[in-house]
Every structure is written in C-alpha cells, then in structure tokens.
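Beneath this line is the structure, given in structure tokens, with notes to follow.
When the chains are written out, they are named A, B and C in that same order, and each has its own residue count from 1.
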Amino acid sequence: MLNFYVTFLYKKMRYLKLLPGLLVTVLLCGCGSPGEKRSEINIVIWHWMTDREPAFQELASRYFKKTKIKISFELYAPSDAYSQKVRAAAQGGTLPEIFGVLGEKRDFASFIKAGHILNLTSYMEKDNAKWRNSFFLNALAINEFFPDNVYGVEAGIYGVPIDIMTIQMLYNKDLFQKLGLNPEQPPVTFEEFLRIGEKIKTANLQGLVSGWGELWMIDCLANNYAFNIMGKDKVLATIRGEIPYTDPDWIKVFSLFKQMQEAGILVDGIVTMINKTAEQLFANEKAVFAFNGSWCVNVYKGMNPNLNYAAIPPPKVTDKYPMAIWGGAGSSFMVNARSKNKEEAVRFLQWLTQPEQQVYLAEATNNLPANKESLERICNKIPKVLEQFADDIDIATHPNIWGISEFSAVIEAFDKGIQSIIIGEKSPEQVAQEVQRIKERELAKIRK
Amino acid sequence: MKSAIYYKTKRITINLIIHLFLLTVAVSCLFPLLWMLSSSLKTQETIFKDMSIIPKEFHFENYYLAWKEGGFGRYFLNSVIYTVSVVIGIIVVASLAAYAFSRLSFPGKNLLFYIFMAAMMIPLPGSFVPLFVLMNKLHLRNTALGYILAMINVGLSTSIFLLKTFFDKMPKELEDAARIDGCSKLGIWWNVALPLAKPVLAVVVVFNALNVWNEYVLALIIFDSKALMPLQVALMNFHGEFITKYPLLMAGLTLTALPIIITYIFMQKYIIKGVTQGAIVG
Amino acid sequence: MKIKSILENYMFVLPALVIFAIFYIIPFVWVFQIGLFDWDGISPTRIFVGLNNFIEIFKEDKIWWQSMWQAGYITLIALTFQNALAFLLALACDREIRLKNFYRLIFFIPPILSEVVVGLVWQWILDGNYGLLNYWLRNLGLAHLARSWLSDPKTALTTVAIIHSWKGFGWGFLIFLAGLQTIPRELYEAARVDGADAWYIFRKITIPLMVPVGVLVAILTILGTMQAFVLIIAMTGGGPAYHTQVPVLRILASMRGSSRFGYACAQGITFGFILMIVSFIQYRFSKKFRQI
C-alpha cells in the first residue's frame, strides 16, 4: 500500500524539490540543543521576570567566574504560560534545578506534597540560622509552613525570597498643590480621603486609579481595611467559617467602596481597569491617587521621570486595630527535590541572597532586596518613594502567611461583589449575603 | 421616459454610497494600524502623553532595538520554518482528507467527518499536560518536529471543514473526464481538485499561517531550548509582568505583522484568480 | 478490486487520522477522564468523584450559565452584524469598483492586529474620561449618551460584541469573497442578456450559490465567537462583575484561579457538547434548506 504514495511522489517530484531541504532544516533544528554531554554542572533556573533578565544574566556570569559552575537563567514569559509550563514539567518529571511556583499557598503545598520541592530548613538553620536571619521575617514567612498547618505539609521553609514588595496608596504631590492641599500632609483618615473627592470633582481631575479589573488588587485593599476595622483575629476567624461575612464589620468593609464611589474618589471605569492602564494614567499625571505595589517605582520612572509622588498606607477608618498592607516576598525560588544537583542549587541561592548580589539586583531593577542588611546599604541610593515602600514592610501581611486559605470561589464572589457595589448594581448587604451563601456551600462540600 | 441623465445620476449616487460605506469601514481598520506605527516611533515617556498620530520626533532606533534586544534574527527564522512547514503540512493532509470526505466513499465516512468536526468544538482545558507527557515519551518534546506536528493538528479540523465545503461545491464533470482519461485518484486530487480549489486554499493558507505565526503558549510549554522558540516569545519579553516597553513592543508587533501582510497580499492573487477560471459552477 | 479501492480511499484520510489520533484523541480521553476526578493539576493523587463535577455545573454553577448566555449574545451579534458587514463588503469588492485592491487589503488588517494593540486603541477610544467617542458625543451635543462604555454594565457586553465583530469580519469577508469569485461571470452575463435587473440576479443567482458558503461562515463564526477570550481579557477582563464573562474565561478561572482541573475539564466537555449540538442543528437545518 505504501507505493500508493511513493509512485505518486515520484511522478510529482518536480513540485517537491523543496521538501527534502525543508525536512533537513527541520530535523537539524530539532536535534540541535538537547543531548549534548556535559561533564561540568549546569544549574538551570526557570523564571518569568522579564525586567530582571539582564541582571540575572550578569549575576550568572559573575558566579561562573567565581565557581566555574554554569548557571542558566531561562526566561519564560508571560507568567500565565510560565505557570502552565511548570505544571506540565512537574507531570512530565522534567523540572529544572530551580524554579518558581506562582499562585496560592495551596498550590505551593501541592507541589511540596508531590515531592517536587526541597525542604530548605536544615540549610537555613545551619551556623546559628545565619541564612534564615539574613531575611526579612515577612518575606520568609510566605515560603514557610508552620507545624500542624491546614495543608498537611511537613513544617519547614521551602523557598528562597529574592526580593520584597509592599502595596500602598500613592498620591501625586503636584496635583495636590493644584487642588490647594498641602503636598506634605497626605490624608490620614478615611474621612479626609473622601473629602478630597469633592475637590477632585470640581477641579475636573481623576481620583484613584488601580487595576481593579484584576481581582486581586481589590482583594488587597478590602483586606487592608478588614484588618483595620475588625483586626487580624476576626478576619482569620471568618476564613475558618466561625464568623459570617454578613457580620456588621464586614458590611462596613463593603460599604467603604460604596462611599468611595459616591464621594467621586474613584476613577470612572476602575472596575474594568487593568493595572498597566492605571499606571499609565498616574504616570501621566491624570490621576491624583493610585493604589499600587512597589514595582511601580520602576514603571513610573520609565514613563515619567519627573513624577512627583509619595507612598502612604491607605487612610485608616478607625484606630481600633492597626492598618495592614499587603507585602512580603515579591518573588521566590524553589529547589527541585529530585535534582541531582540540588546541593549546588542551594549554594547558588545562598550566594544570590548575600548582601552584595542583593544590592546589585535591587539597584539594577529598582526592587527591594529580601536581605535585611542590603536594604540598609542601599538606603541612600534608591528613590525616596521606594524607601517609603520599604518602611512599611513591618506592617505588611499577606494571605499566604495566614496559615489558612479562603476558598477561591469565595474570594471571587467577594471581589466581583465589590465591583458590583462600585457600579451600583448591588448593595453592600446583598453582596455580604451572596458571599456568605457561597462560603456555606463550600464549607458543606468540605464536610462531605 | 427616464432620461440617460437619470440613470447616470442614479449610478453615480449608488457608487458614492458604496464608496462612503467602504471608506468608513476602511478608516476604522486603518486607524489602529496607524496608531501602532506612530507609537512604535515614540518613546516610553511620550507614548501616552502625546497622543497625536504623527509623532513630534521619529525614533526609528526603536526598530533596531526591538530587533536586537528581542533577538529577532534567530526567532524570525524559526517562525518562518514553523509556519511554512505547518501550512504545507495542513494543505496536504487536510486537502487529502477533505477530498475523500467530499468525493470518495468508504465505510464510516460520515462518522469520521463528524468526529473531526466535533474536535473543532470541544475545547480541551489543560490538554497541555497530556500533550507534554505524551511528547516527552515520544521524544518529540523540545523538538521542532513535535511542535510542527502538534500545530498541524490544531489547524486540521477547520481546514478540512473549509476545504470540504468548497470541494462539495465544485462540478464533478472535470473529474469524470480525468478519470476516463485514466487518471488515478491521487492524480485527480492533484491535477483537478486542488487547482480548482485555489481560492479556498489561499484562505486556508492565510488562516493557518496567522495561527502559527501568533502562537506562543504551546511553544513556551514544550520547548526548553531558546534556540527553538518562535518570534512571539520575543514580543512577550517586551510585554512583561510589571513593565511593558511599549515603543519596542509596537515596533516588534509591526515587524511581526509584515510577513503576514505580505503572505496575505500574495495569496489574494489566488482568491481573485477564480474570476478567470470561470469553470466552477456551484 | 472493491476492497482495494476502499483501502485506497482510506489512504486519503490516513495522514489526518494519525496526527489527529495522537494529538487530539489521546488528550481528549485524558481530559474526559479528568472530568470525573477532583484534581488540582499538581498532586499525584486524584479523587474519583464520578459525575459530581457535571452535576455541579448543571445544578449550582449559575455564573457558568450566565457566561454561556453572554457568549450566545455576542455570537448572535457576530452572526448578524459581523456577517452582514462581511457579506456587504465582499459584494462591494466583487464588483468592478475603484480602489478594490486597496479595500481588500485594508479589511484584513483587524484580524492581523495583535489583541494588545486592539485593546489599547479601543480602550482609548471608549474611555469614560478621555475617550474619543465621548469627546465626539459631547461636541455633537449628545453629552447625555457619554459614558464609560466598557465598564458600564448596560453597555459593556454589547461594546465587547461590536469590537469582536469588528476584529473578526475580515475572515467572513475573505471567505465570502472567495465564494463570490467562484461564481462564473457567464451566469451574470446570460441573465443580463435575458433582461434581468441587478436585484433579480442577486436573488436568483448570487444568493442561492452563496448559501453553502454562508453556512460555512456561520459555523466558523459560532465557533470563533464562542471560544473567543483573548480580546475580552484585553478589553474588560470579564468585568464589570460578571457582565462580560464567557465560558472559556470560566474554564480558565477554574483551572488557574482555583486549581480545579477536574472541574475545568468537565466545563470544557459540557461546553463542547453544547456547541456541537448547536452546530449540528444548524448544519442539518441548512442541508434541508439547500435541498428545497
């Protein structure tokens, strides 16, 4: 039967002259890279941070000069595709020596339980916990599992933070002046904040911009205020299912968004705004406030080096409990537990988080180092705003260090509900009831 | 009695209305292209500040930077190889199958056709996981061949559907004549059916070329080696998690759009050629 | 002899079948199987839950069905507005008209453009504060119509549908044009000699000959629109609230957001079967229509 094709191919050869050439090219391409035998050690790192790629390459070459160990940083962007690649590689058993796990703590736990991630506790604790103590506590906590955690993971530290971040409120000082406000006296209370809304409206400016089309940015601000209004314990009790979302304190949290909308402090269309659009507006001095993370310093610098702005914690609602902001480890690396080069991989990460390398990384990419000592060293060299971001690392918290996770379905209903409140579709009470209904549904599923 | 002038004015009015309609749509299509071109010549600082279509300063170096920083040279060649191989593969494989579904008879024909059609409709979430594991086992992962085969599969169903519809429309007389002349089935497919189907083949070429040219997720997942990555991967590096280098991204997007536009112009010839071939009756 | 002929016929579909079996059927079986499990996509253990995922979709997941209706609405607009536009433009370009080569090129720009550019440009045009559209409306004395088009729940879905149609009509245009070009000019000539007017020719020759092409474009439009999501992410991210959610976005949310691979697979299969039924009915319906 084969000659069915073959005879035909022979007859039509004149059309197919190109084909062999093409096949050869294809095969050559296919066989080029893998399979080369290497006696020396090669540590492969998969990452997703496009803005840090040049700095990483530089560090890799420095490490090679020092140790003759080859480090290959391999960039796979965007992070969505990166995340899928890591998952697929985990299933196929082809993970590299070092990689990052993006997502919630639950996913991190699954990777550990499946045996993909090395427990770094013993390395951290060596020499009187020298390595462990070099980090900010908050940054390390994101990669830590405490004894008897709900995820069922053996207690320990499973990842190395390479930088830290916080998410705060930003205001444009020049626009403040235009509004007749003192640029050195930003709003401290929520009421002061709302009152500025009136001024913004009459001046025909825009108020707060933020990427609230991406749900997690809403989640972040809402939780900041939840901590402020009811305190950490009550927030965690809600997640455990002991306190309903219909509690007056939670309704108060939801109502804040209604108040902001009514006060005219939110930019039109904030509910579908992606963060990059928000950054664009704030950088071009079209908005007075922005709610954004410390990475923005680098972004604004690129778009408008003369932007005159400062970072503050979100204006507080009450003095009952302290205000919290989200923050902690920006990005972390994990070591593949199944790699035969894991010892070398750990050693490289130890080197990467030493002050000297951390200072280089921070300066080259305008990020905050995870290493405490290096932050002190660069304090005078980094932009003032970045320093303000760093100052509040102590009041920073993050869902990934609470030791318990809210159901994804509840988080989605919560954030989407706040969008509904902003567009005037639902009342805070309605949203609270809906969130609680989904919470109960998910709890019932677990009990089953 | 309506005068000649009446008919002339009527024709002119109709033509005017048609042109007005065409122009309005054309402007809406051209505008984003012009915006992309103009943005590719601005800087990160001016891109959203100065919204005029003609930039105050022309930063042509963006193109050079995009080409160099993105490593376009290497990726460009890869993308061309993938696109050409996949398109040729699909044209051969899909037109053979579509021809059989349209003209030949064999048991299970309809069932098979419906299975192919179903494949167009059922999205497979997370199918990258089995695909990855499978290709790993077949030693096709991290190879150009594996990627090309997987991409042929992506365009296969739609192409078969498109081609079959047009084969069904074509007259059987020419094929009968060829059969009487002693032409084999494959010979008829090649000498009669394919030339007649040129307009739709051109559509299939453009459709699949655009698909492959713009693909990057599968490439990122199955390739580890940078040397194998396609062009879109370079663009993704300008469109980072936190920082988007807008002017370079726009310059890169303009550069990547060019080959597709050229392919389209080239293929258009075949879509229009149908006119002279007059032999096709629906 | 007969068997040989049948085998020969099979040879035509064999290459397609082999590729299809490896790269589609195997993942399909896997996805189908995962749809019966509770699995987060990572852990080595999967919990068998039978048809529970499917039961949840049908009984509890209201947002899934809302997204289904919304995708249906976008598809309806694409089927009518987008395809009418594509057909009219193809008709115009099929005539001996000036600049037709220019138009043929221009109309294919939207499908080529990257979603990033389309998103940026349309967001700029439709923005509530600085948008061009609102600027024009205000200048025309229609200030009361000005709004932020993509985040107002009343207009978000329709706006997205129109932009989607704008981005996609080039394909319909191309296929219609290819179809129109295969109609022999002699037919038109003969009709004209017989004294038929343009409208009569259009009704009695063009339309009947274009019905199969129309069916093809319609099915491709349904598939293309129901499965579209990149543009929606670029425009609204599925918001405000759930107003521009579509099934594919829900599947992605289950898979990436909540790490529920099993549920995502079940959603994909449910979605595929609904699409299949719709397309099948349409295909059958059009076959009958053609026979009349």
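Keep this in mind: contacts are C-beta pairs under 8 Å (C-beta built on N, C-alpha and C of every residue); 3 or more make two chains touch, one makes a residue touch a chain.
Keep in mind it's a predicted model, so treat the numbers as computed, not measured.
Student: Of all the other chains, whose mean CA position lies farthest from chain C?
Tutor: Using the mean of the C-alpha atoms as each chain's centre, the farthest one from chain C is A.
Student: Which chains share more C-beta contacts than any other pair?
Tutor: Looking at every pair of chains, the most contacts join B-C.
Student: Would you mind pulling out the distance in Å between where the CA atoms of chain A average out and where those of chain C do?
Tutor: Centre-to-centre distance between chain A and chain C: 34 Å.
Student: Could you state the distance in Å from the CA-based centre of chain A to that of chain B?
Tutor: Those two chain centres are 36 Å apart.
Student: Quick one: report the Å distance separating chain B from chain C, using the average Cα coordinate of each chain.
Tutor: 16
Student: If you look at chain A, which of its residues touch at least two other chains?
Tutor: Expected reply: 4, 87.
Student: Can you list the chain B residues in contact with two or more other chains?
Tutor: As it turns out, chain B has residues touching two or more other chains at 129, 131, 239.
Student: Please output the residue numbers of chain C that touch at least 2 other chains, ranges allowed.
Tutor: In chain C, the residues touching two or more other chains are 8, 41.
Student: Tell me, which parts of chain A touch chain B in their complex?
Tutor: 4, 8, 11-12, 19, 22, 25-27, 29-34, 48-51, 53, 74-79, 81-82, 84-85, 87-89, 91-92, 94, 276, 280, 283-284, 295, 298-299, 302-305
Student: Would you pull the chain C residues touching chain B in the complex into a rising list?
Tutor: 6, 8-10, 12-13, 15-17, 19-20, 22-24, 26-28, 30-31, 34, 41, 85, 88-89, 92-93, 95, 97-99, 101-114, 116-118, 120-122, 124, 166, 171, 174-175, 177-178, 181-187, 208-209, 212-213, 215-216, 219-220, 223, 227, 248, 251-252, 254-255, 261, 264-265, 267-269, 271-273, 275-276, 279
Student: Sort out for me which residues of chain B touch chain A in the complex.
Tutor: 44-45, 48-49, 78, 81, 84-85, 88, 128-129, 131-133, 136, 141-146, 148, 184, 186-187, 190, 216-217, 220-221, 224-228, 236-245
Student: For chain A, which residues count as touching chain C in their complex?
Tutor: 1, 4-5, 80, 83, 87, 90, 103-104, 106-107, 110-111, 113-115, 206, 213-214, 267-274, 277, 286, 407-409, 412, 416-417, 419-420, 422-423, 425, 441
Student: Report the residues of chain C in contact with chain A in the complex, numbered from low to high.
Tutor: Going through chain C, the ones touching chain A are 7-8, 11, 40-44, 60, 123, 127-130, 148, 150-153, 156, 235-237, 239-242, 253, 256-260.
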